[in-house]
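What follows is a set of structures for review.
What follows is a pair of complexes built around chain A, which joins chain B in one and chain C in the other.
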Partner chain A sequence: MGYKGKFKVWRGDASGGDLNDFEVEVNEGEVVLDVIHRLQATQAPDMACRWNCKAGKCGSCSAEINGKPRLMCMTRMSTFEEGETVTVTPLRTFPVIKDLVTDVGFNYTKAREVKSFTPPADLKPGEYRMQQIDVERSQEFRKCIECYLCQNTCHAVRDHEENKENFAGPRYLMRVAELDMHPLDTADRKKAAQEEHGLGYCNITKCCTEVCPEHIRITDNALIPLKERVVDKKYDPLVWLGSKIRRRSSTDA
Partner chain B sequence: MTEPENTQNVQNAEHIERHSYDVVVIGAGGAGLRAAIEARHAGKRVAIISKSLFGKAHTVMAEGGAAAAMGNVNPKDNWQVHFRDTMRGGKFLNHFRMAELHAKEAPDRIWELETWGALFDRTKDGKISQRNFGGHEYPRLAHVGDRTGLELIRTLQQRVVALQQQDQAESGDFEANLRVFAETTIVRLLKDEQGRIAGAVGYYRETGQFVLFEAPAVILATGGIGRSYTVTSNSWEYTGDGHALALLAGATLVNMEFIQFHPTGMVWPPSVKGILVTESVRGDGGVLRNSEGKRFMFDYVPDVFRKQYAETEEEADRWYDDQENNRRPPELLPRDEVARSINSEVKAGRGTPNGGVYLDVSTRLPAEEIRRRLPSMYHQFKELADVDITAQPMEVGPTCHYVMGGVEVDPDTQGTKVPGLYAAGECAGGMHGSNRLGGNSLSDLLVFGRRAGLYASEYVDSLGAGGKPAVAQADVDAAVDEALAPLGNADGENPYTLHHDLQVTMNTLVGIIRKPEEIGEALTKLEDFKPRHHKVGSTGGRRFNPGWHVALDLRNMLIVSECVAKAALERAESRGGHTRDDFPTMSSKWRQVNLICSLNADGTGVDLKHQPIPTIRQDLLELFEVSELKKYFTDEELAGLAGVAAEDAAPAGDAESVESDESDESAESADESAELDAAVAAAVIEAEIEESTATDGEVGESAIPGQKVKAESASESASDESEPESAQAESESGSESESADEAVAETAAEEK
Partner chain C sequence: MATDTIAPGPEAPAPLSPARAKIEQKTLRTDRWWLSPLLTLLVLVAFIFYATFRAFEDAYYYADGLISPFYSPCLSTKCVPDSSLGGFTPFGDWAKVSPALLILIFPLGFRMTCYYYRKAYYRAFWQSPPACAVAEPHGKYTGETRFPLILNNAHRYFFYVGLIFNVILTWDGILAFRNAQGEWGHMSLGTLVLLANATLLWLYSLSCHSCRHAIGGRLKHFSKHPLRYKSWTLVSKLNHKHMLFAWISLFGVALADAYVALVSHGTFSNPTFF
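This part shows the complex of A and B:
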């Protein structure tokens, strides 16, 4: 069953590095993360990689495998030919710390910039009433395991370091959409989506949806509807008229 | 922050980053985050130490739900029923006070999550939906599909962010009062001269640089110990850090022998060995077969269960459609029974090539139906094992899942023996007794995480200004030297090899069925591992070096494994997550004993002592029928209880077998059925689950939970705890709201 697999693994740190060649035993049924673990145990004990659950639930072991952003724990070796060289490199969009570990701090920074859930002030714990059909849209987005593959893939930041400051990325725009669709959230998310989180940078190429290991339909169900809501609000003539006639609260666009 | 102290520490010339906090929480899973949030609410400056990235903790793996007697689905549910279920599940070894607080406070803890943005599945009238689960009398688990743990961790994570946003608005600094130190591992707790907690030393995984936290209060919330076993559902983080740090700091561990092995984990492929296969596969008709194709569970029905479990495949198969007139399939025996049975089949040579048994649903249901009812299992096997469960059987076997034992704590405050040291969640002991019910883990970590945060904050207040314990520099240096040792020993043994040897030892010798000679062998090996551990070496530098990290984690795994083995050798009975081949029954005398581990005098190993179990309050005992209590308690213990005399007059039936003889040299192997008492206990639980649907006169002692009204009022006077809003008040209209669809989906889904 087992065979000697050929691997190229990027090793290095912020100062530089390169692809290292390895020959390593591969057994039936294994995933790429198993092979990385075997390399650690037998050939490269200090090879850095992140992982936790090994079941596609924590989103820690993201890497680029033969150039494709994947979870290492969900990429089976049987998807490659035995003679094929498997190349594993760190996520390209984030700065390398060491080997396959990158500094994903960008994501935590963006997470902090999204205004938290804002419930109605008069609603006490235990009094929340919501219909299943109304929570399901946001629930889909809460399946997110924060593997950051979408953040890594989105070309708005992947090849444009300069956009990182103004663009929250698909994961956090989806978070905005999630809150906007939460039946009890009272904050106005639409203006912020456009002005603070850079919704306009997204041109719906659906790359994020394609790499999502949770199969969340990020573009169709979160980003496009959010764009539509923003536009509705911006160009709704009644809203516009209203804002001219009466003094609107500051939450309005 | 500050410069390194100028005087000492010349030899390694370490620059040690220093931070000062009121409360340091070690662990960023559910318990740790809930504790940190509470301490921050109490006005404290709090640090959260996370071994992984923020939001990746093992809590995300919990699927089934969080148990809380909100009564949204069945208004008959209340804290008393939940308390009873929990005590039965733990076979009355639980700390009664923790089980009580847990049952009372869980609903409030769930409801507050909604105010922080959690989106649980709903009932028809818009409340939080609740699902059935093993051992819970009523539908009780708040859930979000089969990803409840993820919802919980994300909600708490987002609450932390919300508090940071408040601080940002007020002070311009997100991290003014609540800071997450991600990918940071603590190696030692520090105490002052009076033996009080003074801080903790750790290192940043990213850089390998050391960091000192000066803090008068530390909360341990580090989870479990599963990485000491080969086959486990636990992640790399579960190396028993909190258990070990507590021991090394002078605190004690309680009942470490109790480890829950879940019967059905994946056994193939190797990459996912140990990953859970949900119980609902069996609930929906899946059957267990050995390599000969035999549906073997029929051979493992203990005598006491015969009345409730089918004897023929035909009857068992009829049960799925007609539960009134047929008995349950034996695949649905309690978890410990099924785990032991699978173990026996494999040991007898009737296992699959990969060392498990077959779990087959493909011949039981149409393919579409399987995909509809078990989407995540279908997905899991398809993607990871290339097994189409609609066409092929799965291979499954027991997997190390949860440790019931843990740091010994005060039930109200979660304080340990060391002033300033607290523990909550899986790393704390007592709450679950000898066996945890599914769903009680997520609620446990919310209830006791909050309490730990609250009381740690009170403790800090009690010290007053200037009363903070001081860290001794020598202790910091010693911790740093200890941690650097493997790096100075590049030619030493490969830490991965020692880790592997430890896992094999614990898995094979202190696993599901325990034999004294095998445990003895394990203890000998653990002694051999100690000098090997001192010689392990790590090549490479300090920057994100997993080999070095394993070398450091090994200290914790070794000492915790020693606790497990020693306690397992000592407890001469079988109860919950501890099965002794030579003492296959439960003993009332052993129910009175907690086994306490502490560090020995020279710090090289573990001392074990017996300690009486706390006496359960009378009003709580009165929640049970005397006939049930007799299965667990000695006559003397029950002497003062009203109704005992009357019960005595009547034949007490199966109660006798409990009292007497585990000394009866039991030739039968434990898994062969001898576990009468455990079985009796489990039978009660099982029977009660059925009660909600069928009317079964036989074990119907608690069909009407409301009848024990006097106990309720008695407990009012008991103490200070905040009574949660009564579940009944909450649920006037909400009873039969579960749709048929929900009912199918929710029957016994995933655990934890």
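This part shows the complex of A and C:
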């Protein structure tokens, strides 16, 4: 059975904006994105919202719903009470373009700063051989749909604009971890993680993990292992000594 | 934007990008996001008060062959008779402070640098952030890039020392199979309490992220190290429950200490099974 749902949707652009009240029909089985589309169709044809797959796989419809960073297409209306007002706002961390659409270019910049996969120089295409157990750890990270909810939620940049320059954010630190765990990658990711991508800014409060729609355990499986690898490289004298005595680096293991 | 509503001061937030959506509220969350950090704060503060009191009390930590985990190993001649670890008292009689104060820095350091407790106290005490998508009150944030928080990278060393403590506390549990006359083959409720405490501490230590890294996480080629891969898989399963083990082992230590204190005080007589 349908009902008239109460909504507050942020409308505006970089020069200003505010929360607008709407009453919209809500039907059984719908998600927040359906309601936003109905708003566009019936009351606010110029309302901007980014979407694509409606299946939680493209990462386009990221927004903040009742203050929580979520995908609009994966937020069921049945999770709210009928009399509850649902507030929809754009991602706070990125510059707003219009209404619910933000400029996520920050993430593309950070993606480009991560050095690409670096196999051994003498290894030719077709010679890559590895076992499943060697790559399954990093396959979890490949589930990322680049919705940037983790980047948006991380307080290191959400509350501190000045850190954007020095901090890659959880999504790209996870990329660094993925490459560092790759059996054939030879680049020194550990030093770069700490000194170039700002791993030290992460205080492991796990908000990235909490908001990930793919349920990737970003903190436990990527960021903390990467921190431990950085400790091996930069802060652990015993590991350093061991690598000297055995004449091999930890990346050889 | 959120932090615009915070009053300016010495720690006034740096300006956010003017291009962000201008939303006045610190958060628009409607759930009880404050409950979890509040409970964490209350429980940790209660534990800190209790542990501090007991560590300075310097009494009621040994009775009927049971020693409190706050005082084990007891390493000075100040320890009550029979409570020291096989008579091993490297601090002699020059350490005038409570024997607990000589050792508690290690378990304290292990928990302070623990990846789970870091999340807990950053959220509950420092509000950095208090909860996800809730603006923090600080004007500047450098995370763990500099002193003193960069010292959290020493977690693995506290983990290694913590393992020694676990062995000692397990041995304390085994010693509790003796009766008051020192004869083996007896068991009391206190034996179970000390063994349960040691078990919880082992679970907490073995589920630690540094343990997971040392046991195999640091490797690139699991296929070259099948035993370490198997161990890493097991530790990873424990690691899923690290938060749970962190909490119940904390309660376990406090309860084991309280049990010994009650028995030592004479408030409760340690029931003997055989």
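One rule holds for everything that comes next: the second predicted complex is superposed on the first by the 234 of 253 C-alpha atoms of A that agree within 3 Å, B and C clash if a C-alpha of one lies under 4 Å from a C-alpha of the other, contacts with A are read in each partner's own complex, and residues count from 1 in each chain.
The rule is simple: a residue touches a chain if its C-beta (ideal position, glycine included) is under 8 Å from a C-beta of that chain, and two chains touch if they have at least 3 such contacts.
Everything quoted here is computed from the prediction, not taken from an experiment.
J.: Scan A:T102 for contacts with chain B and chain C and give back first, second, both or neither.
T.: In the superposed model, A:T102 contacts chain C only, not chain B.
J.: Name the contact category of A:K6: first (chain B only), second (chain C only), both, or neither.
T.: neither
J.: If we overlay the two complexes on their shared chain A, which of chain B and chain C does A:T89 touch? Say first, second, both or neither.
T.: Second partner only.
J.: Touching A:K191, do we find chain B (first), chain C (second), both, or neither?
T.: neither
J.: Contacts for A:H182 in the overlay, against chain B (first) and chain C (second): which applies, first, second, both or neither?
T.: both
J.: Quick check on the superposed pair: does A:K233 touch chain B, chain C, both, or neither? Answer first, second, both or neither.
T.: Neither chain B nor chain C is touched by A:K233.
J.: Considering only touches as defined above, state whether A:R129 meets chain B (first), chain C (second), both or neither.
T.: After superposing on A, A:R129 lies in contact with chain B but is clear of chain C.
J.: Pick one for A:T205: touches chain B only (first), chain C only (second), both, or neither.
T.: So A:T205 only meets chain C here.
J.: Which parts of chain A are in contact with chain B and also with chain C?
T.: Shared contact residues on chain A (touching chain B in one complex, chain C in the other): 130-131, 182.
J.: Okay, in this complex, where on chain B does chain A touch?
T.: 52-56, 58, 60-61, 70, 107-108, 111-112, 114-117, 119-122, 125-129, 144-145, 147, 150-151, 154, 158-159, 161-162, 164-165, 168, 174, 206, 235-237, 268-272, 275, 380, 383-386, 494-497, 500, 538-541, 543-548, 725, 730
J.: Can you list the chain A residues touching chain C in their complex?
T.: Result: residues 10, 12, 14, 16-19, 64, 66-69, 84, 87, 89-90, 92-96, 102-103, 130-131, 133-134, 153, 155-156, 158-163, 181-183, 198, 200-207, 210-211, 220, 224-225, 227-232, 234-236, 250-253 of chain A touch chain C.
J.: Considering the complex alone, what residue numbers of chain A touch chain B?
T.: Contact set of chain A toward chain B: 13, 27-31, 33-34, 40-42, 45-60, 73-74, 76, 78, 97-99, 101, 104, 108, 111-112, 115-117, 119, 123, 125-126, 128-132, 135, 138-139, 142-143, 145-146, 179, 182.
J.: Spell out the part of chain C that touches chain A in their complex, as residue ranges.
T.: 1-3, 13-23, 27-31, 115, 118-119, 122-123, 128-129, 132-136, 138, 140-146, 149-150, 153-156, 209-210, 212-213, 217-225, 229, 239-240
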